[in-house]
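Each of the next two complexes has subunit A plus one other chain: subunit B in the first, subunit C in the second.
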Partner chain A sequence: MENRRRDVAVNAVGHAAKAGKTPAFERQRQRFFWLLLAPVLAILAVVTLLPTLYLLVTSFTPLNLANPATAWDFSDPLVNYRTLLTDDRLHNSFWVQAKLSVVTVVLQLLFGLVVALLLNMRTPLMNALRTSFLVPMVLPPIVVAIIWKVLYSPDISPAWWLFQLLGWNVQTPITDASWALTAIIVADTWEWFPFTMIIILAALAMMPEEQREAAEVDGASIWQLTWYITLPYLKGTLLVAGLFRLIDSIKTFPLIYILTDGGPGSVTEVSNYYIFVQSFSFSYIGYSAAVTMVLLAMIVVLSWVIIRAVSGGSNAQE
Partner chain B sequence: MKRDDRTAAETAASAGLFRRDVLKFALAGSALAAVGLRAPAVLANAKPFEGVTLRGACFQHIFHTYIQKLLPEFEEQTGMKVEFDLQAFPVYNQRMDLELSTHGSSYDFCNITHSFSGRWISAGWLTPLNDFLNDPNKTAADFDPDDFVSGTQIAYIDANKQLHGFAWEAGAMLLAASRFDILDKEGIAMPTTLAGMIDVCKAIHNKNGVAAFVADRLHHWNFPPYLMGFGGKVFRDPPRDLMPVLDTPEVIEAATYYSELLSNYCPPGVLSYTDDQAMRNQLAGRANMRINAMSWLLPLAKSDDSRVKDTVRFALMPEGPAGGFPACNANAYGIPAGSNQKDAAWAFIQWATSKKTFERTALEMGGLATPRRSIIEDPRYKEALTINGQDIASMYLDVLERSGREGYMAYRTVPIWPQTGEKINKAIERIASGQADAATSMKAAQAEAVEDIKKAGVKL
Partner chain C sequence: MPRSKLDAAARRNRILANTIVIALAIITLLPFLWFVVMSFKPADDIFAGIDGFFFTPTLENYTSLWNDRFAGSMLNSFITSSVSTILALVIGTPGAYALSRATMKQERTFSLLILASRMAPPVAFAIPYFLVYRYMGLLDTRTGLILVYLTFNLALVVWLMRNFFDATPRALEEAAWIDGASLWKTFMVIVLPMSGPALVTTAILCFLYSWNDFFFALTLTRNNAMTAPVEVVNFMNYEGWEWGKIAAGGTLIMVPVLAFSLLMRKYLVAGMTAGAVKG
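On to the complex of A and B.
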């Protein structure tokens, strides 16, 4: 009975295809597909698309919460975009963001890779250490910020207690214009290198042993194994981990809010922190929406470039 | 010290600020007093707000803890239930800014933060209280609005002569030396001039391992008194002319002076200090002098954690070449424009800022940063604020009255103050951290402030 029904369906599809029409079954299947997808798309539109559209529309107004009449003032729709072209503090925040993102992503990939390679040796000590390395990542970001605030505050920091014992006069990095960004980078790297580590560790667990074994038989050293076998295998993984961290680094907030408040001056003020100040401290919603749209565009372009690079890498592997 | 016994109305009016308005309140207060000391009709009824739940938002402060302890009596009397939503100071300001801008009804009463008062009031986000005050059925005859010291109320009166809040807390800037014994040993008195203060700092810095000075990172609060002391201004003529004037020679000189204090005479890391961190340094005797509101200095004498109770001494803020301009602020209770329970909210505000409540919070519980003159002049208050032989109550009243009389705190209550204050913060950080000299940094602050104020739609 079942076979007969399938034959009928196949014949129907064949006849319809010959006539150049979409078979009824296929149409039904597509309708059903869209019916299932519609609620999800609707929710996505309401949750993601509408706010983004609202943000875009708002960016063409000088909306200031203290003056509600500005909400629908489109008399000079490009005023915010013109302003941001000459906003030196915003330009500085992009530069600070670039430095923070590039250095933290590189460091997190580097530390993540080294620790993952060590943990992959699967000695009892490494197995015991594996979970402890994940602790920084699972702590709430605000707790991480407070931990580093304590560490960087000379009057309560155990590090400065030690420095005092040793007779060293060390300035705290968070109020030193030359070191404040480094202080944020160190804390951010500590917090997030476990993320790259765990992704790399998962990839290493899936790595076929044959190539390594063959190389070992040929007399390859541990460095040669790592350089010629392991790292090429991990290339795609590293790119994906780097992409995730790059996008996430643009959202860095609690560390800056707690440790430096963007200072001293503006040396640690990244773009999203600047947007926060503009919108929540000064209520310049229209202007902050314009800056957000520019930042969004930059992230989309950056993601596209990196995704192209990642998929290119995968194709090469295949 | 000469006692200034003028009324709030007279002192504010003499500054040329809202003259008619303050006089109107004084007259209204007197008229109400003439009606006789009786409770308003609405509160004379047994439990007039039975079943009402009142929601209020404030930043965390010990005063609200006291109020919450006293609330059961008020709830029993009125029948309403009062719920507090308390948040950290910066979080509160940001959230309330958004909440008020939506004209939401989430809160029936709220704190009006001093530095946001101009912005929130001029935007029409708060309910004028004049009608309540003038209605004997809603306001007790003994509420006596004229009893609030002038400097604590000026910020809550708008350009249309409407009053929007009553202070629950007042801040008056004083100088406190936690380790006066170090000065005393050197034969140095408490400094009375800014030039003298630098000399004191030079003489005592790091003596006995104690930094000469300490401050917190809220430079927009700490710095303007120095700026005015050197003859500078924040705005040209607030609230009428809001053109910032942050790059004048006087301001640059003041910024150089203040940054030198921070860079050379404070503990390491001072640029990141919160209010509490700065206070802890003084409490532990690790830092000596600090200029700030009395609330942050009194714990040196009153807190159980203080190691400097016997050595702390107070003084008025030292004067600059142009005089003394110690900062004064007051935070007030107000009613959001969107509140649906305004009568109940007014009943609460009236009770929370009444003489009787302040008597208990200030004289019995220890919340001494009070805005009512009758409490400040109470012998029990004087006694509580006589510390190591010094009459701190008189200093406190002097600062509150001076700022009200001279009106020099007007810069802090204009709608664009939050933006401008932030520019001052950044400028001082740049100077004190060595990124820029005072002239460059203050010129940059001036340019940024002008741009930001234009964004707010203010014509300069």
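On to the complex of A and C.
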């Protein structure tokens, strides 16, 4: 890929020299590019940056839709950010978020890795079945949530038929305070392990053969090969896939909305969901905006880490 | 170890691995298949427990769905997703080309902007859009949804199309310039036709992202512009628990998604990791 790009660049330079490319033409070209770029940048700014700025401004007001006078009230700009420090329900939501994110990311990396390592044996049967593992990830998130609602509903779930046959009396986990979060974690892991799997598979396909072959000749077992050669090779890939899932886990919404509605109590109320409740159920827009800004700050930091991780990785390859 | 023994061991390993993969594939697909099968079950059999395992397939869930407002919400989904996709392509593709060909210093800043707009939780946009739309009367309109979908579609188009242009040779354009074609004409006549496949791929991805949206449709529409995902969830809220209809609606929503995304699974990851990983 890199090589090809370099060839292309060299070619282009050659052509330009032959064409006797003048500085005037070069200037015209740059102007043309800016002309093409300007509309995108302008519209991107209007649809994304402007709303974010508006969100920031709103976070300095006590805006409550029930009381229109609060809209441009900047008398105490930091009131929301002070409230935020003492809001136990918010702190709980961060804690729930941390549990959900860490456990799902670890499980997804683990399952994704195991399935990818298996599929990497690339027998004809595996190549045929490969696509079926992608299904959970490509389903619309809302459908995934409904599917799991079905599975967790005792009167229609096939799992509960089985429990009944075995004579077990099992409560549905989604209304049980000690199991509700686990129920979400199971569903989320099912939905997203294909993502880590497919990224790991892609990395495995590009893995150089020499090291493995040398170790095989030396009589290394499959486990030793995996542990000492494959896993170290995958380190960067696992990091990037994990970071992506980590950030996306902050957005988890349909699963919680459909399965538990943040409950019972607030045991499955993640920060994103708490914001949704505060803003769209209670109309405390100003306060929600402040919490969202905190969440956004965290996401920007994590995104920056990803970019560093990715470009660090590709630099090492060059 | 003798060669034949090694081969036998290798074969055993393969058979074992194959078996595990089959089992895992079944576990992975089961929840989804269960749901699709349920959409063809008569209402009685859905609640019949194990006795409902064998049933006579019926389309009654689908027909009762179609008499409802559901068709309208499917239409809303289709219109908002397609129009937003087309807008994003028209606005984003020239920009992506320029980004690929011009010499830019703010490469990393731009990556971060794209990545951030993909990573931002929808609620961060939903709040300001809700306030502005309330003021402008755009709540519960298709136009409103189309504009919100641009928040992620534009970034997606710019990122994917720029990667594509980066990987295409410049020789053709240079030749056209030498022959005296204008910059604009070169772009329209040489570059765009060449990008057909990439444009289609990008369009499908944008369409799927918009089609799958639940949060914006939930918060920014009430009635008129409500899309299919929200409508299906409404079956859960106020019409009692009509599981057959819910399953039928869910199945209808996911059919185009499944068909398209499995067709182009190679690009799926490029779309999902936009901003960080070059496809």
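The rule we apply is simple: the second predicted complex is superposed on the first by the 261 of 318 C-alpha atoms of A that agree within 3 Å, B and C clash if a C-alpha of one lies under 4 Å from a C-alpha of the other, contacts with A are read in each partner's own complex, and residues count from 1 in each chain.
Assume a residue touches a chain if its C-beta (ideal position, glycine included) is under 8 Å from a C-beta of that chain, and two chains touch if they have at least 3 such contacts.
Everything numeric in this text was worked out from a predicted model, so none of it was measured.
Novice: One more residue to check, A:F280. First (subunit B), second (subunit C), both or neither?
Specialist: Both: A:F280 reaches subunit B and subunit C.
Novice: By the touch definition at the top of the document, which applies to A:L125: first (subunit B), second (subunit C), both, or neither?
Specialist: Once the two structures are laid over each other on A, A:L125 reaches subunit C alone.
Novice: Could you look at A:N64 and tell me whether it touches subunit B, subunit C, both or neither (first, second, both, neither)?
Specialist: The first partner, subunit B, only.
Novice: Tell me which partner A:S266 touches in the superposition: subunit B (first), subunit C (second), both or neither.
Specialist: After superposition on chain A, A:S266 lies in contact with subunit B alone.
Novice: Is A:I250 in contact with subunit B, with subunit C, with both, or with neither (first, second, both, neither)?
Specialist: second
Novice: Now for A:W190: first (subunit B), second (subunit C), both, or neither, which partner does it touch?
Specialist: Second partner only, subunit C.
Novice: Looking at A:S288 after the superposition, I want to know if it touches subunit B, subunit C, both of them or none. Which is it: first, second, both, neither?
Specialist: second
Novice: Please work out whether A:F32 is in contact with subunit B alone, subunit C alone, both, or neither, and reply first, second, both or neither.
Specialist: After superposition on chain A, A:F32 lies in contact with subunit C alone.
Novice: Does subunit C touch more residues of subunit A than subunit B does, or is it the other way round?
Specialist: Comparing subunit B with subunit C, the partner touching more subunit A residues is C.
Novice: Determine, under the contact definition given at the top, whether A:D155 touches first (subunit B), second (subunit C), both, or neither.
Specialist: Both subunit B and subunit C are touched by A:D155.
Novice: Would you mind listing the overlap between the subunit B footprint and the subunit C footprint on subunit A?
Specialist: Shared contact residues on subunit A: 155, 280.
Novice: Write out the stretch or stretches of subunit A touching subunit C in their complex.
Specialist: Answer in residue numbers: 1, 4-5, 8, 11-12, 15-16, 18-19, 25, 28-30, 32-37, 39-41, 43-44, 47-48, 50-52, 54-55, 58, 115, 118-119, 121, 123, 125-126, 129, 131-143, 146-151, 155-156, 158, 161, 164-165, 190, 195, 198-199, 202, 222, 240, 244, 247-248, 250-251, 253-254, 257-258, 272, 275-276, 279-280, 285, 288-289, 292, 295-296, 299-300, 302-304, 306-307, 310-311.
Novice: Using the touch definition from the top, list the residues of subunit C that touch subunit A in their complex.
Specialist: It comes out as residues 13-14, 17-18, 20-22, 24-25, 28-29, 31-32, 34-35, 38, 46-47, 49-50, 91-92, 94-99, 101-102, 108, 111-113, 115-117, 119-132, 147-148, 150-151, 154-155, 158, 166-167, 169-171, 174-175, 177-178, 183-184, 187, 211-212, 214-215, 218-219, 229, 232-233, 236, 243, 246-247, 250, 253-254, 257-258, 261-262, 265, 268-269, 272-273, 275-277.
Novice: What does subunit B use to touch subunit A in their complex?
Specialist: 94, 97-98, 101, 119, 122-123, 217, 267-272, 277, 280-281, 286, 415, 418-419, 422, 425-426, 429-430, 432-436, 441, 448, 451-452, 455-457
Novice: Can you tell me which positions in subunit A touch subunit B when the two form their complex?
Specialist: My answer: residues 62, 64-68, 70, 83, 87, 89, 152-155, 170-172, 174-177, 259-261, 263-267, 277, 280-284, 287.
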